[in-house]
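Structure first, then comments.
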Amino acid sequence: MAVVIELPPLVDHHCHGIVRGDLGIASFEAYLTESDAPAASGTTYFDTQTGFAVRRWCPPLLGLEPHCPLARYLARRRELGAYETARLLLRGSGIGTYVVDTGLPGDLTTPAELAAAGGGAEREIVRLERLAEDVAETCDSAEALVEAVAEAVHAASDTAAGFKSITAYRHGLGLAPEPPPPGEVRRAAGTWLAARRDGGTRLTDPVLLRHLLWTAVATGLPLQLHTGFGDPDLRLHHADPALLTDFARATAGTGADLVLLHCYPYHRQAAYLANVFPHVYADVGLALTHVGARAGAVFAEFLELAPFGKLLFSTDAYGLPELYVTGAEAFRGAVREVLGGWVADGAWAAADARRVAGMVAADNARRLYRLP
Amino acid sequence: MAVVIELPPLVDHHCHGIVRGDLGIASFEAYLTESDAPAASGTTYFDTQTGFAVRRWCPPLLGLEPHCPLARYLARRRELGAYETARLLLRGSGIGTYVVDTGLPGDLTTPAELAAAGGGAEREIVRLERLAEDVAETCDSAEALVEAVAEAVHAASDTAAGFKSITAYRHGLGLAPEPPPPGEVRRAAGTWLAARRDGGTRLTDPVLLRHLLWTAVATGLPLQLHTGFGDPDLRLHHADPALLTDFARATAGTGADLVLLHCYPYHRQAAYLANVFPHVYADVGLALTHVGARAGAVFAEFLELAPFGKLLFSTDAYGLPELYVTGAEAFRGAVREVLGGWVADGAWAAADARRVAGMVAADNARRLYRLP
Amino acid sequence: MAVVIELPPLVDHHCHGIVRGDLGIASFEAYLTESDAPAASGTTYFDTQTGFAVRRWCPPLLGLEPHCPLARYLARRRELGAYETARLLLRGSGIGTYVVDTGLPGDLTTPAELAAAGGGAEREIVRLERLAEDVAETCDSAEALVEAVAEAVHAASDTAAGFKSITAYRHGLGLAPEPPPPGEVRRAAGTWLAARRDGGTRLTDPVLLRHLLWTAVATGLPLQLHTGFGDPDLRLHHADPALLTDFARATAGTGADLVLLHCYPYHRQAAYLANVFPHVYADVGLALTHVGARAGAVFAEFLELAPFGKLLFSTDAYGLPELYVTGAEAFRGAVREVLGGWVADGAWAAADARRVAGMVAADNARRLYRLP
């Protein structure tokens, strides 16, 4: 006996902008993977769960059959143009609110443009390392840099829904948990400024990364932390969220919440942290998007230890409007399959399943980010 | 074609006592989580797999509908009183033997009281760190402490079914595998006694923890080791049972068996150790209790590499009589779902499934702990 | 609505020889486990997923019922004799090409003998550590050893399909990623030769292990790397393929491909590496063989992140011809269950499922190893 679980418009608490122009097949393909290299000879990134999910869910929103030939889909996309394609896909995604990390490079749509195309609301998440790198452009002393970062974080906290850190792939999550002393921060800032003069702009210094984390924590806004898989420049085992245990302990009681993003394949570890630390949340986003037909299985693993009030939906979509659709469909399919299955078995009451679905789809994010 | 897999009365080879008095909603809720903090604002620990499992399985044993409103369930509990509630729940759990770790603090029932309420048999497991902390109360020199610990372990081995170590959350499992030399043990004992005079009573010294492990191994009784998730004061990745590989190698041939408790989310690692080391066993307890509707999925992961003669049932129940019920039902449901499914597919013969179910439910524990 | 997914003759890209003589029950049992010790008292390695899989799939190929009593199966085996048993089992396995790692000790069949018995084609994989240990027999100076290794690897590359390293259980995968400088290699070679004169023959020196890896990479042939579970002398967490991230980065662009073998329980980590590095492949072999009825579940986890053009079938069969059958059946069953299930759900198109099945079964290996 199947149970119907209706979902409200989704709050996508972690996504990015989309590219503006039309895309050829090669540039389209490049957005289907976290790799920064072309696919191996004899293979294509369309032959992945992400590729198959795009071919399943997106053609119908553009008036084609699911799994239609790729060439036909891309032709239809060109026929409609980039803007109309984005509009149709985003409005078909069922997402009502876009909480956008604006820290990615490239000519991507702003949160306002994205929300306008999708017919939804929007908020911004400020990426700490990008903020520091932008600020460093205008500073010529360590003292100035430290002060300018503090001001920029404070200013951002007036409007941003939260902050995000990519420490996981800049250094790894195995950082000393406490805030670094001011003297160390100044020294590290000086060393980084000197390195920037020699052409190295990326922020990878662990003292500065920790300082950014604690500066964000001091605002009391939620702090999103990349954990688990994603960009190819990380070492996966250095992105295990369990490495954040001491940081979670150190930030308990500060009033700031931590949101563990992505987490896969360490999502059970992330769920454990969300279970034992009241201020830790976990995100099922990127994982569900990338595993396609396996979204239900991965979602169910999250739901083993994570308290149901601590899980958040996101797509982590980036570049292609298609990825908002696949992320949202992966989530809705997972909810139907997993929660629906438990109701059918008698393990859960139908009313509880509906309530939990609504919490993960939107309510938890609304409460955490204080959205209307 | 469904196969019926009957189970004998279960041997719960790792559980604790229950609280004696009546419980209000907040104190009841606190037992549903491994966290030591109140639930995050806007959330409740009832919204977890453990909470949903209690609401599924326990109301019928008290004459109510599954998933009935929580207030009604707690009212019925008060109406019956703590003792009668415990009696009804424990006798409805299908557990026939309680092997009780008596090392937890708090006013909990003794093994004899628990078994009397549940109408079953009982044995005791002695927790090494608690034993050492109790012994240290009466010792004023390192020599006296070392001797008193040796005597206490020896005395306990006359009646206990085995020992248990919580090294995983006192220090982590990354310990040197060999027994520490006597001189080192004496020095560490002296340092700890001095620290105790300053008010620090918890045993966290790795030399003493290793010494306790080897003292227990010398008795030849099974040694239970906490691994994986559980108390919030652990670092999950320091509790990966794979860290015990060298200790397993060092204790092979001593005659003592090692029992890896809980293991989640590293239960596949635990199953590997049980596969390659004849004296290593693994426990499916706490994991199944906590993951509720996912018990079958986690149990199936254990059954990938673990030899069927090496897996043990437990509830790790503590405080609430409800948790014996949910642990036992999670296990029985997992057996039905997983083993029953394999029989239906033709992967396993029905007779084998029944035999394996009986082994994990009771026979393996009877053989390991030499129970009647 | 079930979809039929036909598979071509399989390319088993990683297997070993089989034993020549008849086997008693104890020696037969020893091949069902990765342990080097007899089963624990009161247990048997037949009570494992591997044992149950042998009893499911092999009796029918010898004219008996699935799951027939073990004694009957072994009697039938003796009646047929070792050669005829092997012939019937191998020809019933559906394997068409055997790519054989010849580095195991013991009196095992050669690749040609194996292929003749199975009626298939064959190629050889040369195990680097064995090659170095063989070469060391004839060298009396570090210079001679270094030169002889270079020549032997070069000579092997003329005929071998690829190389294999067991660094994972000789030292662990946490090696410095870059090639060691020649001076260090010479020094390490000298130290090892001296140790050999004292009776220590196993190659465990990390400098020499790295040198072998880079010598193999220089040939441009695929390099198989043991990762994850397997032999009992490894520490599982030191065999996590994520530890190879820096080595993967260092070898990108050399023209040599890396093939991560086994991977379990870190197969999601392996799939991630195959996703982000074009020259990294992953193997589902030993895991599926050992987890029996769970093969579909583990295969599905591989298919979350691994691009479909990067996965390879193998059995890692060794000693018993039965293990070729169970490895192949585990794979075919997994394909039917997992890919068939996705087609039934509408997640995948049937034509895509058939295409992906053929890629993993044979096409990917043919392309990678340049097989006809």
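The first chain written gets the first letter, and so on, giving A, B and C; residue counts start at 1 in each chain.
Assume a contact is a pair of C-beta atoms (placed from the backbone, for glycine too) under 8 Å apart; a residue touches a chain by one contact, two chains touch by 3 or more.
Please read all numbers here as calculations on a predicted model, not as lab measurements.
Asker: To bring chain B onto chain C by a C-alpha fit, how many degrees must it turn, rounded to the nearest 5?
Answerer: About 120 degrees, rounded to the nearest 5.
Asker: Regarding the chain A and chain B pair, does the interface count as same (over half of residue numbers shared) or different (under half shared)?
Answerer: Copies use mostly different positions to touch.
Asker: How many angstrom lie between the centres of chain A and chain B, each centre taken as the mean Cα position?
Answerer: Centres of chain A and chain B (C-alpha means) sit 37 Å apart.
Asker: If a residue has to touch 2 or more other chains to count, which residues of chain A qualify?
Answerer: Chain A, residues with two or more chain partners: not present.
Asker: Mind listing the chain A positions that touch chain B in their complex?
Answerer: 240, 242-243, 245-246, 252, 257, 268-269, 272-273, 275-279, 300-301, 303-305, 307-310, 342, 345-349, 352, 356, 359, 367
Asker: Which chain C residues qualify as touching chain B in the complex?
Answerer: By the definition above, chain C touches chain B via 33-45, 47-49, 52-53, 55-56, 66-67, 229, 232, 235-237, 264-265, 290-294, 297-298.
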